[in-house]
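Pasting the structures in now, so scroll down.
In what follows, chain A forms one complex with chain B and a second complex with chain C.
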Partner chain A sequence: MLRLVIKKEFLTALRDIRLQVSGGILIILMLTAVFVGRQGQKQIQEERAKAQSVMYDKWLNQGNKHPHSAAHYGQFAFKPKPVLSFLDIGLDNYTGISVFLEAHKQNEILFSAAQDSNGMTRFGEMTAALILQVLLPLLIIFLTFNIFSKEREEGTLKLIHAQGLSMRQLFIGKVWGTYLMVLLIFLPTILLAYLLLDQQSASLDSGVTTKFLWLTSGYTIYFLVFVLLCVLISAFAKNSGFSLLTLLGIWITSCIILPKATSNLADKVYPTPSQFEFKKTIKNKVKKGIDGHNPSDVRLASLKKEVLDEYNVETIEELPVNWSGIAMQAGEEYTDQVYDAEFTKVENIFNLQNRLSEWVGFINPFLAVRHLSMALAGTDFHHHVAFAKAAENYRRGFVKKMNKDMEVNHKPGIAYGDYNVGGEMWSSIKPFNYTLPSTGSILSSQWRSIAALAFWLAGLLMLSFIYAPKISKL
Partner chain B sequence: MKTLFHILSFEWKTLWRSNTLKVLLLVVFGAGIYGIYFGKFEIDKQEARISQVQQYERQQFDSLLIWAKLDTAIVENKEKYQQAVFPTGVGWNKHFTYYLTHEASDAAGLCLGQRDLFPVYYGFNVTDLARQVNTGELANPMKLLTGNFDLSYVFVFLFPLLVVALIYNLYAGEKEGGTLSLLQSQSTSLRVILFSKGLLRMLIIWGLAAALLILGFLLQGISLAGNEQLFTQWMLIIFGYCLLWIVIMGVIVWLRQPSALSAMLGLGVWLIFTLIMPALLNLFVLANEPLPNRAEMIHAVRTLNDQNWEQSKSFVLDKFYKDNPQFNDGDTTNFNKWYYASFSLLDKEANTSKAQFEEQVNKRNALLEKWEWLAPAAMVHEKLSELSNTDRNSHLEFVKEVHAYHEGLKELYYARIFSDEQFSIEDLQTLEEKL
Partner chain C sequence: MLEAINLSKKYGEHKALIGLNLSVAPGEVFCLLGANGAGKTTTINLFMSFIKPTAGYIKVNDLEVNAQPQDTKKHLAYIPENLNLYSNLTGLENLQFFAGLGGEKPDKPSAEQLLQSVGLQSDAIHKRVAQYSKGMRQKVGIAIAKAKQADNLLLDEPTSGLDPQASNDFAQLLRDMGQNNVAILMATHDLFRAKESGTHIGIMKAGRLIHSLNSDEVTLTELEHLYLETMKSVSDVEISY
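And now, the complex of A and B:
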């Protein structure tokens, strides 16, 4: 009996010309987004990989020079375009894509696509995420808004009930019928996307299949949540018109208005510090010491004393090692310490802001799936920070190596211009290599979103269980 | 005319008694007020940052002026005095960091546009600009992605939905409510009745838009006097945009479909114009015309910088003297002259490479602009941000100002550096005037 209901719902949906049209449009959009997006991802990744290797070649072939000059010459880090990013572009257009790594300073990650484009970018990019998160729920609304009221208006509900089918069974049947229809659109297209993955980029991320599976499951749950919600509301709405208006109202609020309001609110609750303050604080703390009582000249003097004592000599000239190399590295490390502390503060503020929006996922499932999807696609803030840290660590690594070489090999008494190293030194620095965060770290950073989806699913299942038998037959 | 008036007043009474209309208008009005408030909040925050920077600059320059008059007989004063009057500064400390700020236009709070993507100030000294402007403002990319809930957003996104909600059942509502045959039995033709109903709704929508716009000006403290032109332009764009939606809904009503289908069609067009079309354009242009690799710009500068340091001083000075013969005194050994000449060369190199990238970027944006008409929502939003000076071009203009300002500073600094002179009090006053 249940199977008959499911079949009936599924077939009615399939035969409805309006749904054929809107479902068809969705599939076409999805295919376009997947094909064109995948092409774009591949092209961008190739360009960045090429730029990365070209710049590394420049480093290798910079000629003979003093190691400190080489540290100033510097290197570049390009952010790889994650292989799943074409499914959800996330923050990719708003975060920088490359950073210049040089001695003495932490440069910003620059050149976001949004800065180079006109206002159109702000309207978003057609990716699977947009279709699945925003458009597909709309299709669910069209499928379900009159799923009960139509039968009620036509008087078939009583007939079905007379056949011995309980309202609960009917409810389950309608949910399944609709859900299958949604999966029929979703699963083949997402599977196609997986088959199309750019293998070159996929090889950079060993967790890609796991991430993909989680992504697919996340969406599968999101759709079920939406189907349950819509069927429930339409079951208790007094007529089709009212049910349509309510559902559209919910859709507009949760997909269009709330996300904007939430992130604007987050910025108000946890105000973003200004770049000016950020830089000034770092400068001051480097100059006056982290605690304000340890100015740079005092620090330098005590370091000097320490080094002189260590080598048991009176003056810098007598040192067997290069004092500038030691002083410079100590300076780097102190700045790094200050920078890390300040950077972490900003990072924490942004995390708090984003977390607020993740918590709102318990009110608005759209936000839950949005955060989860972005994270799994490798385009959320967590990934941006991971890249920033990897690039900064790489910078510290090669700058330290240059300073060390200067300390040990640039003997006192030899002029700066007379101590040079070459290719062997440069190639001892391995190319910048950044591995994407693991699935585990992504999931643990996104537990709120996962919990929110689970909460919605469990809550709606419970509501359905309680209220389905009470659906009016009239 | 009398009939029209009659229908209008009757329709107004019915509409006013329905709760749906009141709720809808209230929601959109509320969103509008929030948008106005939010826009003001954001602009105030930017203004606060701007004035913080300006105050800091003023304070720093005041100390410089005091230092320039210090008695150098006292040993402790020596370094401060030198810092004030040496155009090259002392040691690695440059003489002075100037700040140029990008003030918000009056209407910026109504449409924040692209302003949140760019820094609202640049701080730079007289050395090369190229390596001092690679900076941005701290911003949570998540917030940039979701965008701003300002008044322009309410107009561009929510007003069309209001139009759809008010008009979709103009015909079907009568039919499904069973009043259609009553209307048809009237002496006035159905077309006239429907037209007047539509007209009334248009007046309501325009009225609400005008009210929000006036409130927007008032609450953000933009005086209407003196800004008549700005106000009229906004008004015309918004009215025109609403009219476009009313016409679209008119066509949908004319199809005489059931109300649910009409609502879906209206929503469908809304989706196409505000979401699908812009997103598709972005997909085709942004995702498949990758941006030029701007890191090349930095690379060009660092390569030249590397050469400057590795080669003899004449490598830099020969080139510099050729471009700036007024400074040529044949000196190719002086450190300061070499040092500052090399900054000038870096900027020259950066500008050449930057122009090339700008051209590529412009070509790509021109492609987007060519197809912009497919997405009227994006077109209107772009137009509004242009009016409010919050679009990308307004930022580019600001960057040009920064370049011109920097060039202006260089005149005096380079004149003193290349004649090996200190700043006089008059020189500092000239610089003070530029602040």
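And now, the complex of A and C:
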């Protein structure tokens, strides 16, 4: 009997001209978003990989110079464009794509797409994620708003009941029939998206298939949640008009109002310092000391005393090593310490904001799937921070190496311009290589979103189980 | 066999049905007459367990409807007043769907034969129901009821809006089903069809069954007179059997 209902629901939906048109438009949009997105991702990734390689070549071929000059000559780190970002652009348009790495400074990651675009970027791009998270639920609403009320209004509900089908069986049949229709749109297009992945994708992210599967699973659960919610509301709505209004209200609230409100609330509850404040704090703390009572000149004098004591000499000139190299590395390390402390503070604030938004996933499944989708696509805040940290670690590594070489090899008494190193030293610094976070780390950071989706699914299944038999037949 | 024993239904303070007692034996066609709001549809809805009674019992083949609503459905076929069916499906698909729910899914040739047997033109069978007239939809409804092969049939104003020919065909079908030992309970406004098709006639008013008579006992004119008199009387109704 259940099969009959599923087949009937599927067939009637398939033959509905309004759904043929809206479903067709959605498939075209989805295919366009997937193809264009994938082409864009490939192109951007190739550009960034090429830029990374060109800049590294420049580093290798910078000629002979003093290691500290090389540390200022610097390098660039380009953020790889995550493979699955073609499905969900996430924050990618608003976060920078490259950072200049040099001695003494933690530069900003610059050149976000939004920076180079007009105001239209703020309206969001037509990505697969937008279609799946926002537009497909709208189609589900049109598929389901009168799924019960129309039957009630037209009397077929009575006839179905008279044939001996229980309301629970009918409910399950309608949910599966609608869900199959949704999967008919979703699965082929997402499968096609997977087929578009190539060798380059696997080399950029070895976990891409696992992430893709999780992403697909996340969306299939989200759609089931939405179908259950819509069918349940339709089953208890007084009439089709009321049902449509209620469902559209829920859609607007969950997809438009609540995400904005949540973001505003998070910003209000956990305010972030401006970039200017952040930099000013670091500058002050480096100058005056982390506790404010340990200024740079005092720290330098103390270091000098320590080094002179260590080598048992009276003056810098008597040292067997290069004092400037030691002092600069110590300065780097102190700045790093200050930077890490301040960066962690800001990161914690952003984490608290994100966590708040993730918790709101328990009252809004849209937010749950949005966070999960962005994370698996590699375009969320955590990925941006992971890249920023990797780039900063790389900077520290090569600057330290330059300072060490200076300390050990640039003997006192030799003029700055007279000590140079070359290709061998530059090639000892390996190119910047950023590995995207693993699926495991993404899933563990997204446990709230996964739990929220599971909560919604379990809750709605339970409500359906309890209330489906109580659906009125009249 | 259909039985109502002291059956009552209240909607808030409104008494839709008061102490109804009736029984329809196999082969009988019991026609319930009455104005709108008399309680005819409420009676049918109670037998179908679309609603629950406030008091009393309903039995279908000795099974109590409230205690075993799903089991009693196996013994009941039903045709509502406005049978809209699924407009995106053909008549054949509608029949196969509903008959399938009833546990009797006929194959394509049998379903086509069944639809033709209730008078649906063969060229209409494969057309979508959106193109059907009310009479055609009602014929599909009859086919659905017949396909179920239930021994009890409940009809709620089945002939309202049908043209005379379709209405006549319908009456013939009822007679045929009655002859096949099906117990039929029909709510209707149509005195002529009630007299013609029914073996028993009940006249309801304000939730009460006022008269219950054998259709052979009265002529159409007498029935019409009795009906109008019953509708006129305001109070002190006398229940006659």
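As a convention for this text, the second predicted complex is superposed on the first by the 472 of 474 C-alpha atoms of A that agree within 3 Å, B and C clash if a C-alpha of one lies under 4 Å from a C-alpha of the other, contacts with A are read in each partner's own complex, and residues count from 1 in each chain.
In the analysis below, a contact is a pair of C-beta atoms (placed from the backbone, for glycine too) under 8 Å apart; a residue touches a chain by one contact, two chains touch by 3 or more.
The structure presented is a predicted model; accordingly, all values stated were derived computationally and were not measured.
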{"item": "Touch count on chain A, higher of chain B and chain C", "value": "B"}
{"item": "First, second, both or neither for A:F142, with chain B first and chain C second", "value": "first"}
{"item": "Partner chain in contact with A:L159 - chain B first, chain C second, else both or neither", "value": "second"}
{"item": "Partner chain(s) touched by A:V269 [first = chain B, second = chain C, both, neither]", "value": "neither"}
{"item": "Which superposed partner A:I466 touches (first chain B, second chain C, both, neither)", "value": "neither"}
{"item": "First, second, both or neither for A:L195, with chain B first and chain C second", "value": "neither"}
{"item": "Partner chain in contact with A:T127 - chain B first, chain C second, else both or neither", "value": "first"}
{"item": "First, second, both or neither for A:D16, with chain B first and chain C second", "value": "second"}
{"item": "Chain B partner contacts - residues on chain A that touch it in the complex", "value": "18, 22, 29, 32-33, 36-37, 39-41, 43-44, 47, 51, 55, 58, 62-63, 65, 69, 72-74, 76, 78, 86, 89-91, 93-96, 98, 100, 102, 107-108, 110-127, 130, 134-135, 138, 142, 145-146, 240-241, 244, 248, 252, 256-257, 259-264, 266-268, 272-276, 278, 280, 346, 349-350, 353-354, 357, 381, 384"}
{"item": "Contact set on chain C toward chain A in their complex", "value": "45, 48-51, 70, 73-74, 76-78, 80-86, 88-89, 93, 97-103, 105, 128, 141, 144, 148, 154"}
{"item": "Chain C contact footprint on chain A (complex, rising order)", "value": "1, 4-5, 8, 11-12, 15-16, 154-156, 158-166, 473-474"}
{"item": "Touching residues (chain side chain B, partner chain A) in the complex", "value": "31, 34, 38, 41, 49, 52-53, 56, 113-114, 117-119, 121, 123, 134-149, 153, 157-158, 161, 176, 259-261, 263-264, 267-268, 271, 274-276, 278-284, 286-288, 290-291, 293-295, 298-299, 302-303, 305-306, 309-310, 361, 364-365, 368-369, 372, 375, 377-378, 381-382, 385, 391-392"}
